[in-house]
Each structure stands twice: as structure tokens, then as C-alpha cells.
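Below: a set of structures, written as C-alpha cells.
Consider the two complexes below, in which subunit A is the common component and subunit B and subunit C are the respective partners.
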Partner chain A sequence: MKKIPRHILTACLLCVFVAAMVVYLGITFRSAKEKEPIYPGPGVTGQEMLSKYCPNLEGSAGDTEIYILDSGVPGASMLVLGGTHPNEPSGYIAAISLIETAKPTSGILYVIPRANASAFTCNDPQEGSPMRFTIQTAGGDRWFRFGSRATNPIDQWPDSEVYVHASSGQTLSGSEIRNLNRAYPGRQDGTLTERVAYGITQFIKEHNVTITVDLHEASPEYTTVNAIVAHENAMNLATLSLWELEEQMKITVEASPKNLHGLTHRELGDYTNTMALLMETANASQGRLHGTVTPEMVVTGEDKFYYRAGQYGALTVEYPATGIGISERCARHITALNEFCRSYDGTAGSIDLGNIPSYKEIIANGIGAYLASPAK
Partner chain B sequence: MDIELICLLVMLAVFLLANLLLKLPVSVSMILGAIAGALTGGQGIPLRHMFEGTFTYLDTVLIISAAMLFMTVIQESGALEALNAAIVTRFYKVPALMLILLMLMIMFPGMITGSSTAAVLSAGALVAPVLMMIGIPKANTGAIVAMGAIMGMAAPPINIPALLIAGGVDMPYISFEGPLFFITIPCAIVAVLILGLKHCKNLDIEKLKGQLNLEIGKKYGFRLYLPILVLIVLLVVSKLVPSLPQLGTALIFLISSAVGLFTGKRFNVWQKALESMETTIPVLGKLMGVGMFIQVLTLVGARGWIVVSCLSLGTVMLYVFACTIMPGFGAISSYGAASVMGVPFLLVLLQTGGNNDIVLCCMLSFLCCLGDLMPPTALAGNYAAQIVGLKYSPVLKKCVIPFLICLIAGLVCMIFSGSLSFLTA
Partner chain C sequence: MKKFIVLFLAACMLLGLAACGRQESTSPTGQADPNAGTAAVDPSAPIEFDMQTSEEKHIVTIGTIDKSLFEGPILITSFGQSTDASTLDTALGRVSGVNYTYKAQAIADEMASYKTVIIAVGASTKGLGAAGIKDDEELARAQAIMAKLKETGATVICAHIGGQTRRGALSDKLADLVLPQAKLIILKEDANFDYKFTKYAEANNLPITLIFAAKDTVQVMNDIFGK
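On to the complex of A and B.
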């Protein structure tokens, strides 16, 4: 094996090269901290920060916006969580679409579009993901970040070898310590991720939120995909909604496993009075089988390897050659949210999200038609 | 031919050309392979991706560096010599039992940390001189240490590939102990007996005493073992009482090393620390190179091509590929093998019916752990060879037979996972 010659000039050149790389890459990585603009629509009546419910979050990378869409008519309330996993874009795009276009006519809608704000500021190593992607709207292209499944290690590090979930003692892989959807109900003085989970749990408790829906995506080979996962206290609501949803899309309802802890559909149902639900759609850009993930592929879902894997029977969903686009995935989320509100008949009163586009309309017009145009 | 396959072939060709023909270090060769693959895939020179890929190994690099310091400290302080003398004089009459106990000693840090490197550099460094002293050749000693470290990495309570696969399919890490002990303990015993027993059947203790330093233990007494004791206590306590602030394996090695500075012979700490880092930097460089390589592999779509090609096979070939590709992927990263290959393999194998998901997950993780013997990274083999003062190829050659036995054992357990369900009760 050749040894690199040890010479002062070599060392100096390497130092200069490394310094240049640090500056260049530092600027590149810092650009992920710039937030994509969200344009509150006519339904938004207020905005809070999550740190109000967990003061330990104030000034941290975990603090995040809560948008309030209060109809002014007393009724039930719904909390929508987007961006729990920022590498699952239809979750937060659907949430942003609600903020920008929904106008409830009864009850209150709360939306947290970037539930794990820190995870928007990095990508998962070795996944080769793009940092941004764009969606075409009526007034031009809007850019959005493609983030990581987990909190940025800059904000929470190091990971322990094994993650022990605080309230249950369940053990998981160490990297899951930065996964917001393994941190519920959270701890006020815990890790950043646990503090975010705690803030969300406290918010639900203080506002006595009737229904909470966490919008996710899953890789198409995963077992729980195109599905609603429901805590036992929300199972009736999920089943009632399923009747209507099945007329428009293939979708299933699954029960939240009682022995899998830290997830919204388990812990928020156990620790609060909310009806906890979680939605999953098929996202090729987060799976293990995909080819190159370009910004376009994030939006179209078109991927020849997922198509092939579908032909081999290795997937749990039908995967067409044209992909499963973000419009269809957002349409699933938005339609299901609307259906949960319609199907709810509990004591908290009614909740009506207003003039929400239908499943067919979103697919026909594209999700960009239900996002605000970018500011000039 | 898919462009992704062309990228893969270009990456491998450039890597091999640079490493074997131009004799460049593995790390540099992997970087060149990554750049060539990215250029072929139309990605230019993706600096952001190359840098991002290395981050997977940041924690591993810290653990390795700290463990190397610990190894240096216990060697220089005299703790190692004293421990060797104590073990040999107590167990020389029953060599098979002695070998099995030494193997369990090698496994222990791997069981606690889930890292074969930590096992090689801590217990492996302690046990290797004993094995060589009782007559086991250097290459066989290195192989015993490497196999023991890998069995420790795969054994419960902490098996990180199993955690990664289980996490990928939302399976709680519960009831994994039975299947993991079932596969690792017999394989470890078979491996150590195959590699060591014939060399140490008739031990002459009087002859051995001439090679042992019996004085150093008497001079410093029990305090000589304090750094090892501190290491064991901190590792065990941090796992048994997770509610305590977690120090992390790297810091535990550093604390134990600091204790060792005051418990035995004095030595030039700065000089020895520099020497230990100098020996380990090539391996750390390999990890960085591997990080870049795998990120570009994903970026250009070659990872998808590999996984989908494997999944396109029938059930029989799926088992064959699980036994070849998954350990083979360990040449890049055994954790990567678990995450990239383990999850889709488990999902597809579960569709075939009659299998036990936990047993399957355990066996797939076991196969991933064997990947730590695969060159060029061969983390366990590399450090085991360094400990016995050899290059890693003779050590890896000695590992072939036990490796194949483990592979077959893992395959059989996978095929009959349904019948092994009782292990998860």
C-alpha cells in the first residue's frame, strides 16, 4: 500500500482544501435552516408557538408554529400533525394546504405543519435525498424542504446505543431516540425530541382536542401503507369513515398495537382524551428500493425499481409505472381528514372543515391548486 | 443494461483499480470509486452527498478512537500482562474450558455495546496474548478474537442490526434473547474449539511460567485491574439502569483509560496516544470512504438496483442471497446491510408464510454481523489482526471454516424459523 508522503506542503494544501470544504459545505447545510414560506389563508385566526406548552422548547430548534383555524362556532376540535417525519412530504404538504385554503364552519382546526422542525434541517445520511423540491401552483413554483426522519443530530447528539422509551421502558434502535413518533408522551426535561412530544401532548390536554391525526407516509414495501392506524378509542370513528373512504380509494384500518410504544396513535390515545389516528400513504422516495431520488421524483413518485418490485410481488401496494404522485397522496390525507370530521358524532359537537376539495378534485387539479401562490 | 448497474460496475472497477493496481489506500480508492460513480450517474462531484455519507460513522469513529486509547493504556500500565498470568495459571489444566471461557470474555463487550470493534479492542486485546502464550498461532488467535467479537455483537442483549431491522418493520425488540443465544453461543464454542483446541491440548505450565510476568500483579495488586473493572461496571450499569444519564461507549472507554493512568506502570501518555491513533487512522479513513461510497451508491440508484434484483428471485434464491449478499454487504457496513437489505428481506420472507418473524429477524441480523469479517472494511478482522501483529488476510483465511459453519447454521435456523418459535416464548 502506498503511503501518502508526509510533507509540510502536502499538509498545508490539505488544510486549505479542508477549510474550503468546511466553508462551502457549511453554507450548503445551513441553507436547510431556511423555512419554506407558509401563507396563512382566510381560515387562520391565530398562531402560537409550541414552546407555550413546553417552555423548555423556547429558542430551540424544536419550537414550531401551531396554526389555529377557529370557525367561531362551538364544536369539536381536530389537531393535524404534519412533518413528524420530514422525509414524508405529503404529510406536511397536506397540512400546509389546510392552513392556506381551509375555512372551518364549525369547531376548531389546529395544524402543526412542521411537528419536528429540527428534522427539516437535515437529510438522512446514506439516503442520497435532495434538500428541496418544488410544487407548481397557480402563481408559480413553491419550494419545500425534504428533511430527515429524525431530529437533526446538530440539535440532539449523541444517540445512545439503545433507545429506552421513557414511560414504557421499551427498547429500540439507538437512532430512534431522535424519532418524534417514538417519543410520545414525551418529557418536559427530556431530549429535544421528547420535549417536542411533551409540548404536543400538553397542547392536546390543555385544549381538550377531540381528534388528533398524524399524517405520515411509508415506503411501498412496508406492511402498513394506504392505511389508517387507530387507537382503540378512535376505532369506531376510523371504521365509520372507512365506509365513505372506500368508495374513493383503497384503504384499510389497522388497530394500534398495544405493545409498540412512543407512537402518536398509541400514547396520545393512552395519555390524553383525544381520539388518536395516524395516516400512511405510499412514498417511494423514503423506501429502500428506489433509484435516484430527484426533486421531481419526490413529487411524481415515478420510480422504475418500485414498479419492478411491484411486478415481483414485493410490495404491499399496487405501484404503477407512472408512480404514486404527491397529489394523490395528499388527496388521501385531506379526504380522510374531512371524512373523520364528518363521521364524528360525539358529545363535543360537530366540526366542519368547510369547502375542502374532494379526492377527485385534488388528483385532477394537482395539490398545487390548493396551495397559495408564492409571494412575489 | 440499466444505468444504475453501469454506475455500480464503474464504482467497483475504479475502486479495485485504485486499490489493487495503483496501490492507493482503501479509503482513497473508495472516494475515487464514489466520484467515478457519481460522474457516470450524471451527478457531477456531489460534495454535499459525499460529506453527508460519512456522518453515519461519526459515532463509530469516536468509539474506535476511544477504545484504541483504552487498549494502549491497559497494555502500557501492565494490566494486560497481569491478567494473562492470572488466567493461564488458573485454567491451564482444562484447555477446552479455558478456551470457551476466554471466548465468552471476548464476546462480553460486544454483547453489551453491540459493537464488534469494541469487543476486539477491549476484551480481545486482553485475551489475545493469553491465547498466543498457550501456543495458539497468531493467525488462529486473530481469528478467535474476530469470531468472538462478531458472536458478541450478535448476542443479546444488544444486537444493533436486529434493532435496526426490527425498527424498520415496527417490531418491538422483545423476546429476541432466546433465538440470539441459540445461534451465537454454539457457534462461538464451535469456532473457538476448531481454531484453538488442537494447539493447546498439552500445556506445560512450568514452561509457560517463564513467559508470564508474575511479578507485576504482585507489585501493583488489585488496583492494576481497576480500569477494566471501571469499564465493565460503567458498561453494565448504563445498560441495566437506562434512567441514569447515558455516558456513551466512547466516554466510558475514555474514563476507564483515565483511571488506568494511575493504577500501574507510568508511561508517556501523549506519545502512546499518538502512536495508537496513528495505527487506527487508516481504518477510520476506510469508514469515511465507505460512507461516501454507500451514499453515492444510493444517489445514483445502484442500491435500489441491488435490492430489487435480489427481491426478484424466487424463495430459494432469496435464502441463498440472504446468506451471501447480506454478509457481503458487510464489506461496506454490517449496519448498512441490516438497514438496506435486512428490512426488505424480512418483509418478503414473511410473505412466504410459516416463518417466525422474531427468529427470522434474529437470523438476518446474525448474517449481517458476519459481514464485519468482509474486506475491505472487515472491522473485526482488521483490528484482531492488528492486535496479533499480522496483516488481516491470514487472519481472515483462518476465519473461513467457522464463518461457513455460522452461515449454514444461520440459514438452517432461517428455513426452520417456524419450528424455532418456542425460543421466543
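On to the complex of A and C.
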């Protein structure tokens, strides 16, 4: 029998090894398409898909669920957007908590927990972020995906060299073409990201949504953090809410820049009648100063490098050694959402989210206490 | 030997592609003392000084306010483009029966239309940036407005309600422009850590209203402009 030359054998072995790695990594990558379960609570009265408002989304990776919590009592309405950036977890965890526990007593609450559903299916390249993290609930651990800031390039590719925002002509770097919060008001026949933005804009128009709040997180060194960003038509509401929130937390109100386009707090205020607001909390896993981003770090916020940066006065928020945990970040979002409803005194009537836990209760009990237990 | 090098390079490429190391990163110099070196001053850190307002007493007025000075038409404007002018807008908007104009970027030529001008003093780099206004341009606008108000004789209220974090070089310059023509100072008291405003009020026999929180502006506006 002819002996196989050793260099060919080595090459074959390497090919098999590489093929095995590709299959393994491919399976791992595709597993990010599995959605974390959401358990609709007693307040949920209906569910729709966003493609109802942008038919071009049907069957695409951008189609996403809209949860409706209708009190049955006429009043104002609020739309909460979580997961515009799925690497900012307190936004979608707070939104999911509302779906699972809130029961409005007047008005209607709409929640889109995974606004950019495609961006939940990948991570940002070269960040070494975990794919998932867990939060402890009364009935066991719940898992959630840690996604990307932008639409999965598998669903929208290639990026242009320069992103030209359709309605304003504003130019940004090419990768921003997959950023949902640079795509509003969106286009029915645009890119996947623009179609998602269009669907949300149409939803707001059709339902004449009174208040829209987009939940975000930002690096602790960023200037707009622990803040409410308000369109000018929502500035009074933001200020009234701030007066009450200041008694519980350090928070500021910032005006939505008129010359920065594509963002919810600018375009939804300009193109619809909604009062557009955006919230930012401090998330160490997003910043540039952190150490290894582990699933635990995403939840606890504990990071010795951010702690040190805080000691040097390099951050815009106080950063304790124990971190700024997801419970505190969700508590900020949920308390502010509740306060927006309480402070609203416009002509659409009242909106009451019902028995929402207080800021102190969420921090004391942990956000897991306000999430459903996982199904057995 | 060549094969080992090839294998080593191939392994390096594979590991490089994975790029998801979870190993705890360590500083080559070990744990630094966070208190060592040139620690910057945190502008939001509380500064100890004697405050006259408190959780129990939210509003303190030193001196006598002559309400008859504050006639309509009223303008609220901003020197520094912070959201403090918007806060005053919200506060005055809750006082019934008051007609006023809110214009954060009002110009000098508009001043002839108003008998009372409330100026929210306090620079915000974010606010100026968002409005596309440079520091020098804002200072020039403020100087022109104050010169015009001197001509018209309108009553000026200097409102510094952004607190300690709103103090800074540009904010102080803007405040120094307004104070000589002000008939009343409204101040969120944590901004008075160096007693700048109370000292000025005392030296110039000017009434000053100290507030504990921004929401106290509603009560202050009601006290001044309420029927």
C-alpha cells in the first residue's frame, strides 16, 4: 500500500480541524436566533407583529412583537421601546418586566421589548461580549441574550461607505446604517433597519401614541448618562417628572439636539404627535475602560477598572466598587416610566401603570423579583 | 522545523479568529492605588458649606421683593443654553393667568417688547453644542441683550437654578453680566458654595431667593407672578 506523504496528511488533518471549528462556531452563532422566553403577565390584553405596520417586514429578521396592555379605561397611551440596542440590557429587561408584571388601571401601555430583533442575534465584532447572561428570579434563573448595537450584518449587508440619513441628508459613518436609532422615521422600502423604524413610526401614528420612551444605556464616561433626553414637545413632561425623580436619584434632563437626525427623541417628535423621550443609564459593559465582559459583569456592573476611573474623576457618574447593577439600572427606567405617566396632564386623559414597584423596592429585591419565573 | 512553524502560525490564526478570550486581564503593574497620582476634582461631589435651605425649609428669601417691579410682558431666555430656561418655562407655565414668552435664544432686538426678562444663567456645553452655538457667540449675544435692557429699562431677574454642577468659568462670566442689572436673584443654593451670590446680594442690597430643589421654582414663580 502506498504511504500517504506526511505533508498531505498534515494538511488533511488541519482541514478537518478547521471544518469542525467552522461547524461548531456556526452552530453557536446560529443559536443566538433562539429568543429568550417572555411570559405575558396579567396586564397583557393583546399582541401584534410590527409587520402589521410595515408589511415589507413580514417574515424578515426585523419583525418583532408588540405587547398591548389595555386597561379598558380610556386615557393616554405610552409606547416603551426596549432593545433598540441589544447590548444595553437594562432597556429590554425593564420592558420585559413591564410585560410580565404591569397591569394598567387607565390608558394603554404598548411595549416592544426587542425593537431591533435582528441585533439580538449577534454581538459587536472584537468586543468579546458574552452571548447570554442570567438573572435570578423567584422560580429559578432566566437567560437573556446580549446582542449588538446594530442589525446583524447577515440580515443587512453590505454597509455603505457613508450612511446618508434619508429624510435629512445627514451623513454618518457607514456602519451607522444598521443602527436603528439613526434610522427614524424610516422608509417602507428601505434597508431592514429603516423598515423597522418605519414600522414603529407608523404604529405611533396609527395609535396616536401620547408618550414614547426609548430605553438605552451608555458608557459611564459618556456625557449623556443617567439622563432623560427630551424632544422640545416633551420638555415640560420631562421637567415635571425630573422634579419628582430627583428626590430618589441623580438624574438630568437634556434637550434633543435639532441637528442630530435619525434618533427617536428627534424624529418621532418631529414626524408624529407623540411626546418623544429617551433614557440613558450607566452600563460598564458598553464603555471603553472595562476589563473582561463576563455574564456576571453584565448583571452586577462590577468592574475594577471603572471603579478606578471613577476614583480619578474620569467618569460622569459615581462608580462604586460594587458596580452599578442591572437592578439599579432597571429601577431607574421603570421609576421614570411610571413618573412620566403620573406627570402627564395633557388632553389625552390619564395613564396609570398600576401597582409598579418603587425605585427602592426594585433595588432592594432585585429586578428578578419583578420578572416571571421560568417555565418548567 | 518548517512544519512546526506552519502549525504554530495556523494555530495563531485560528485563535485570533476566535478572539473571545475570557481570561481575567491583569495589569502588568498590578493594582494601582486609586488615590495616587493626579486625581481630578469631581464637579458633582458635594461641597460642605452653610446652607440656609434644607429638606424642611425649601425656600428662603433674604431682603424684600417688590412685586410691582415685575410687570408683563414677560420673557424667559437662556444665557448658556442649559435646560434651566426650560425648567423656568415649565414653572411659570403652572402659574395661572400669566402671559409670557419663552425663547431660549432670544436676541437683543426683541428686548424692546418686554418689561420683565427672566434670564436663566448657566452654561451647558451639551446645550450649546446641540444648538450649534460657540461660547464666544453666546457671550456676545448675552452682552448685546444686557446693553439693550439697559436702554429699555426692563426689570431683570437673574435665575441660576442649575445648582453646583452648573457653576463654571462660562457660567460665572454670564452671571457677572446679568447681576449688575438684576432686581432679584433666584438661586439653587448648592451653587452658592463660595457664597458668590449671597455676598453680591448683600453688598448691593439686592433681594435673593434661595431654593433647595429645582421644583421650588414653581412656588417662587407663583409668589412673584401669581394673582
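Quick note on the criterion: the second predicted complex is superposed on the first by the 363 of 376 C-alpha atoms of A that agree within 3 Å, B and C clash if a C-alpha of one lies under 4 Å from a C-alpha of the other, contacts with A are read in each partner's own complex, and residues count from 1 in each chain.
In the analysis below, a contact is a pair of C-beta atoms (placed from the backbone, for glycine too) under 8 Å apart; a residue touches a chain by one contact, two chains touch by 3 or more.
On a predicted model such as this, the values are computed, not experimentally measured, just so you know.
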Contact-wise, after the overlay, does A:Gly59 reach subunit B, subunit C, both or neither (first, second, both, neither)?
neither
Examine A:Glu254 and indicate which partner it touches, taking first as subunit B and second as subunit C; both and neither are also allowed.
second
Using the touch definition from the top, say if A:Arg288 reaches subunit B (first), subunit C (second), both or neither.
first
Contacts of A:Glu176 with subunit B and subunit C, given as first, second, both or neither
first
A:Tyr24 contacts which: subunit B (first), subunit C (second), both, neither?
first
Have a look at where A:Ser160 lands relative to subunit B and subunit C in the superposition and call it first, second, both or neither.
first
Once the shared chain is lined up, is A:Thr224 touching subunit B (first), subunit C (second), both, or neither of them?
both
Residues on subunit A touched by both subunit B and subunit C 21, 25, 126, 128, 223-224, 257, 259-260, 291-292, 308, 312-314
Quick one: in the complex, what on subunit A touches subunit C?
7, 10, 14, 18, 21, 25, 126, 128, 223-224, 235-236, 239-240, 242-244, 246-247, 250, 252-260, 291-292, 294, 304, 307-308, 311-314, 318
So in the complex, the part of subunit B that touches subunit A is made up of which residues?
4, 22-25, 41, 43, 47-49, 51-56, 58-59, 62, 113-115, 158, 160, 163-164, 166-167, 169-170, 172-174, 239, 242, 246, 248-250, 291, 294-296, 298-301, 303-305, 307-308, 311-312, 336, 339-340, 343-344, 347-348, 351
In the complex formed with subunit A, which residues of subunit C make contact?
3, 7, 10, 14, 18-25, 31-32, 34-35, 37, 39-42, 44, 83, 86-87, 89-90, 93, 125-127, 129-132, 213-215
In the complex of these two chains, what residues of subunit A are touching subunit B?
1-2, 4, 21, 24-25, 28-29, 123, 125-128, 131, 153, 158-162, 164, 169-176, 221-224, 257, 259-261, 288-292, 303, 305, 308-309, 312-314
